[in-house]
Amino acid sequence: MLLHLSTWAEVGQFLERSRAIVVPIGSNEQHGPTGLLGTDWLCPQIIAYEAEKTADILVAPTFNIGMAQHHLGFPGTISLRPSTFIAAIGDWTRSLVAHGFEKILFLNGHGGNVASIEAAFSEIYAEASFAKRRAGFALKLCNWWDLDGVGELANQQFPTGHGIHATPSEIAITQWAFPDAIKPADYTPQIAPSGPIRDALDFRARYPDGRMGSDPGQASPEKGGELVKLAAQSLVLQLDAFSRESVPN
Amino acid sequence: MLLHLSTWAEVGQFLERSRAIVVPIGSNEQHGPTGLLGTDWLCPQIIAYEAEKTADILVAPTFNIGMAQHHLGFPGTISLRPSTFIAAIGDWTRSLVAHGFEKILFLNGHGGNVASIEAAFSEIYAEASFAKRRAGFALKLCNWWDLDGVGELANQQFPTGHGIHATPSEIAITQWAFPDAIKPADYTPQIAPSGPIRDALDFRARYPDGRMGSDPGQASPEKGGELVKLAAQSLVLQLDAFSRESVPN
Amino acid sequence: MLLHLSTWAEVGQFLERSRAIVVPIGSNEQHGPTGLLGTDWLCPQIIAYEAEKTADILVAPTFNIGMAQHHLGFPGTISLRPSTFIAAIGDWTRSLVAHGFEKILFLNGHGGNVASIEAAFSEIYAEASFAKRRAGFALKLCNWWDLDGVGELANQQFPTGHGIHATPSEIAITQWAFPDAIKPADYTPQIAPSGPIRDALDFRARYPDGRMGSDPGQASPEKGGELVKLAAQSLVLQLDAFSRESVPN
Amino acid sequence: MLLHLSTWAEVGQFLERSRAIVVPIGSNEQHGPTGLLGTDWLCPQIIAYEAEKTADILVAPTFNIGMAQHHLGFPGTISLRPSTFIAAIGDWTRSLVAHGFEKILFLNGHGGNVASIEAAFSEIYAEASFAKRRAGFALKLCNWWDLDGVGELANQQFPTGHGIHATPSEIAITQWAFPDAIKPADYTPQIAPSGPIRDALDFRARYPDGRMGSDPGQASPEKGGELVKLAAQSLVLQLDAFSRESVPN
Amino acid sequence: MLLHLSTWAEVGQFLERSRAIVVPIGSNEQHGPTGLLGTDWLCPQIIAYEAEKTADILVAPTFNIGMAQHHLGFPGTISLRPSTFIAAIGDWTRSLVAHGFEKILFLNGHGGNVASIEAAFSEIYAEASFAKRRAGFALKLCNWWDLDGVGELANQQFPTGHGIHATPSEIAITQWAFPDAIKPADYTPQIAPSGPIRDALDFRARYPDGRMGSDPGQASPEKGGELVKLAAQSLVLQLDAFSRESVPN
Amino acid sequence: MLLHLSTWAEVGQFLERSRAIVVPIGSNEQHGPTGLLGTDWLCPQIIAYEAEKTADILVAPTFNIGMAQHHLGFPGTISLRPSTFIAAIGDWTRSLVAHGFEKILFLNGHGGNVASIEAAFSEIYAEASFAKRRAGFALKLCNWWDLDGVGELANQQFPTGHGIHATPSEIAITQWAFPDAIKPADYTPQIAPSGPIRDALDFRARYPDGRMGSDPGQASPEKGGELVKLAAQSLVLQLDAFSRESVPN
């Protein structure tokens, strides 16, 4: 069930059978010479929508702009500062909690979001903690590549040149979902360099075409489809376990 | 050209021929007994994507969560506080300006966003104004129902019962785009009441099914399609005029 | 009853007979070659003080600095950023609500304030909305030129050249109240140009003497007095209706 | 010269002969059984306006709401939180500095404002200090009771029972300026108690009628007039010295 | 009892016999040609640790970075902006209050902190004041040089050249505690100049070696030891009185 | 060289030979039945001070309060919210950068700090990235247990029951440094449970004595000394490599 294609009454009925919701969250940022700017929010959206076809889960709208300050040297990147990102995640969460959601799983598509999302969770929990009251809800961050079995499959598909930005696995997923948007390229070097992440101009100087450690040339729609299917199955299981998790008194 | 399905290099090339971009912006909030929760961000997205098919314009990802605090009494609504919304619009804008965009048109789908978006514009301009330097870019807010001819068409289609929330025109647009998500309903009363907008529980008490002044039962996919076609044409013209507008020295 | 010339005990007694209060709110900003910098906060103050002479209403101190970033290119303008303005309106409101005021009418004198004031209202209501509790108070924004009959009178007085900034109607009101501060001028052109409002230097380049679309040369103290008398009467009626308005359960 | 009764061009001309400005700043808060709620912003305004009659100085609009959280237990008090107050003082200052003012003297009427005003000054200076550039302007806080000779006169007038809140000196000043608003009272006890200042309900429990250590019954319009005349003279001298003060390179 | 060398259970037991705690608070900033950068946080820490040896008091970790923007022209100074400082003091306080502490004494070592600490107290109290509830705790700011008898002793020790920054009394205290870190110097002039405090570069231009009005050459470890002993005794008495202070209902 | 025991001139001289500095950073929070509340800021301080004895490095004052909202259910814990923590790290960094430091290594002692510290780094870098200028400095986060060889040594020392909070390795380090503060205990169970980290009351319900997965009973001062010596050596090497790292143009 996609929240944005539902009515408020339908969401009210869903809440009578489950208190859990998935929020796809990512980033809109450069992904090398061939990767789509939307890759990091499209991947979790694609996986969540696929999962929703097979199970009675509720998927929120996609949180599509994240923390990508280091990519601002490349046209098309849109970033929130961590402080803005934390405030926005807080408002999303407080909205959902106001309706009675108790288990909110953020399915993340961007490694650069992890620190800010976790900081946001702490910021939200702290309201209850300072007041010495129970929060009454639980937040979980789950990167799609950490879903059960997905990392293993990606390693099999791409034993070398997976890297950490503009990876063949994320490129493959968007190729599967948007075959008309596949872009051809020669990569020089075939596997991009690695190193630290700092400010945007430093990043562009170190990684001239935007890739970090990856060879996206290995991506294919087929491999992307395999990843999506497996990730969707794992997401359903993970969400189910999370929704059934009890909380100590 | 959809930014999220483009590469950074493609956006860089676009910037050589135009400095203008459209950002669909809306809200995810209850829309009465039959309206989709995503109505207010889907409408500008649908119109912008339609426009993009016929003209060389660039469409940013959709800013899908806006200022909807008064709808929080209905499940599925997600709202930013105005302060968060202003901060986020600021970061989107600063990101786009960093790449060289000089004309940013926010195509808005939610009346409740207008005040916060305009406040955000002032907040951003104020950085230049306090520093006594030129901003170097221009921001424009355009509600889709204010695009040339669109209000007139809606008045023809729905001479009574258009109202101001969960209107037949916005419902019609989503029906055209998502025919599988059309929901049947009896409306009681046929035309919903009107009145002030305050906090969420006050809103729910005044407008029990979520509509304000509207009769969405008049909506049809065909009327929606007419609205989308006209709005898309007007958007292209509006954006073209905006992009060619010169700035005084 | 002017709050600032009353004691706390007198305000306590007032609260036993009414829960409503008027807050004049405006801006301190350039008003063309002859307009007073205080015009936008003086006008609502003048009207509210006039109303207070004839009815048992309570008038708060004047909120005299508003959102005027676009006028910062002209000496004497003082502006808050929207974020500061929103925070300050919030603190004023929370103070008054703490005393038991339930109906707070902001009588506004500056069009540029509208978006930020409305955003402030949403920010304040959102505290209750996120917490799923009733706010227990209502906020109303009323521009003095929108008071019943006032716009019509201004149209009669100034059928052409009213414009939107440094208008003859607001100049007339200050002429009536401060006849010693009337400034003579030749206006070139007689009616100022119109156009968009952006950052401060853009504004000054477009509107070199500060006026927008107006011919303040038509103002006179007599016309100002007529406007004040009518606006004061309408304010009393408007406030009375607001104070008697019931709230749904 | 009162800024709010001047035009932007007049302020521009003033800036050619002086870079100094006075900002009356105070608070709107309970002042015991007879004191006016506006006492703390009226006193500096009265003194500054008196000074302006005799010297070519420029007086800004009055900053009338300050830090009065501890008085919120009494009806009519309006307070900013320190964080809001600091932000607002920052925006006032940045506005004035943008026009070329280099010496800004805040003439303060409320002891409870002192810490927040000084913190605001540091917040503003810090922008330059972190950036290792000269600020280029100087800010001065001057309580009216600390103006040369004023404390001595008040001590002569009120050798006992002056206290620190709702003092006979400030009551006398408002009696001189607003003789129609003089309120009669019996004070029990004649001299109010003293002690610490904490939250609002603690304050009201300690100081039931709002006074701290004072006997306002000794106030008279005549004594108020003497204080105003002397304070106005001292203000002109103080401002003149400040405006001529040179800054090291 | 030093909190940082205790377990949570030991703190829990302490709370059964006392609800009071001391927080040493200072600044890390230049202290002239011979003073240690840590002087202002070391002094209250030294005094509090000395007091803790003789009485059953609880000493929190030292808040070692304060408001020192004006010293940023000298290497090694670390400063918070007032807004950050206020937020941090708020979080420290809310943490301690959550555990049941009701009397929190900040033993301060830096004059430049006073305004921001008092503003922080008001910010914290305001939460209760706006909500019309009792705060339930009391905050006290105590500069170590204002402890009973300490100012008198310093005056005896240093009848001239005490000054206000890099004073011989604070230098003496650090000499007593850190004899290995005593630095020799010629002072030119022997007594440093005095004047206003503004931004960092202005400060450095006025006070080239960092001192204000002081002659630290008079400091000695012995004098420092005398100050510490007396201050520690006075602190114990002051804390005891504060902890036994009752609060009105 | 310890910054707080140095003069500004000594720091100025250090900057002529190195642009690198170490900031010990941790948290003050419960550490199980026997661990010191200061454990997480004492450990990096102990290691950095040990390193400083053997190499010409500069150690800043310890940032002793971090993000520990989940431990607020246990007396003595003091926590910053992530937003406050991020602001404070920003001010520390901007202060150090203003003096010319270009490589700032935060030696961290608390896993719960990691997300907020990384978010803080992004917040700081973003200022440069949005402005399209080079930051000119680099920030590095280094947990002491991740220093070369340290994790391996801890695994040898504590092959089972190391856990993730109140670990025997951190307890051992404080035992070595503060042998007088070693606390005896029986642990029940010997190895504490593991699980998720959420709000404070949830944490206390899951982990009743505060430990997570650890058996601190295996700690000894000797093992702590071994860890400190190795960590200090690795820190010197790590800092040296960081300080010599060149930055791309």
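We call the chains A, B, C, D, E and F, going by the order they appear; numbering starts again at 1 in every chain.
To be clear about the criterion, contacts are C-beta pairs under 8 Å (C-beta built on N, C-alpha and C of every residue); 3 or more make two chains touch, one makes a residue touch a chain.
Note that this is a predicted model, so its numbers are computed, not measured.
Where touching is counted per the definition, the chains common to chain B and chain F are A, D.
Shared contact partners of chain D and chain F comprise B, E. Path length between chain A and chain F in the touching-chain graph (shortest route): 1. If you compare B-D with A-B, the chain pair joined by more contacting C-beta pairs is A-B.
Of all residue numbers that take part in the contact between chain D and chain E, over half occur on both sides, making this a same-residue interface.
Work out the mean CA point of chain A and of chain C, and you get 47 Å between them. Centres computed as Cα averages put chain B at a distance of 54 Å from chain E. Mean C-alpha positions place chain B and chain C at a centre distance of 29 Å. Multi-chain contact residues of chain D (touching two or more other chains) are listed as 72, 79, 81, 83, 95, 98, 129-130, 132.
Interchain contacts (touch definition given at top) occur between A-B, A-C, A-E, A-F, B-C, B-D, B-F, C-D, C-E, D-E, D-F, E-F.
Every residue of chain B that touches chain C in the complex is listed here, in rising order: 67, 69-70, 72-73, 79, 81-83, 86, 112, 114-116, 118-120, 122-123, 125-126, 128-130, 132-135, 138-139, 196, 198-202, 205-206, 247-249. Chain E makes touch with chain A in their complex at residues 94-95, 98. Interface residues of chain E, counted against chain F in their complex, comprise 3-12, 15, 28, 30-38, 41-42, 60-65, 72, 74-81, 83-84, 87-88, 90-92, 95-96, 98-100, 178, 181, 183, 210. Per the touch definition, chain B reaches chain D in the complex via residues 129-132.
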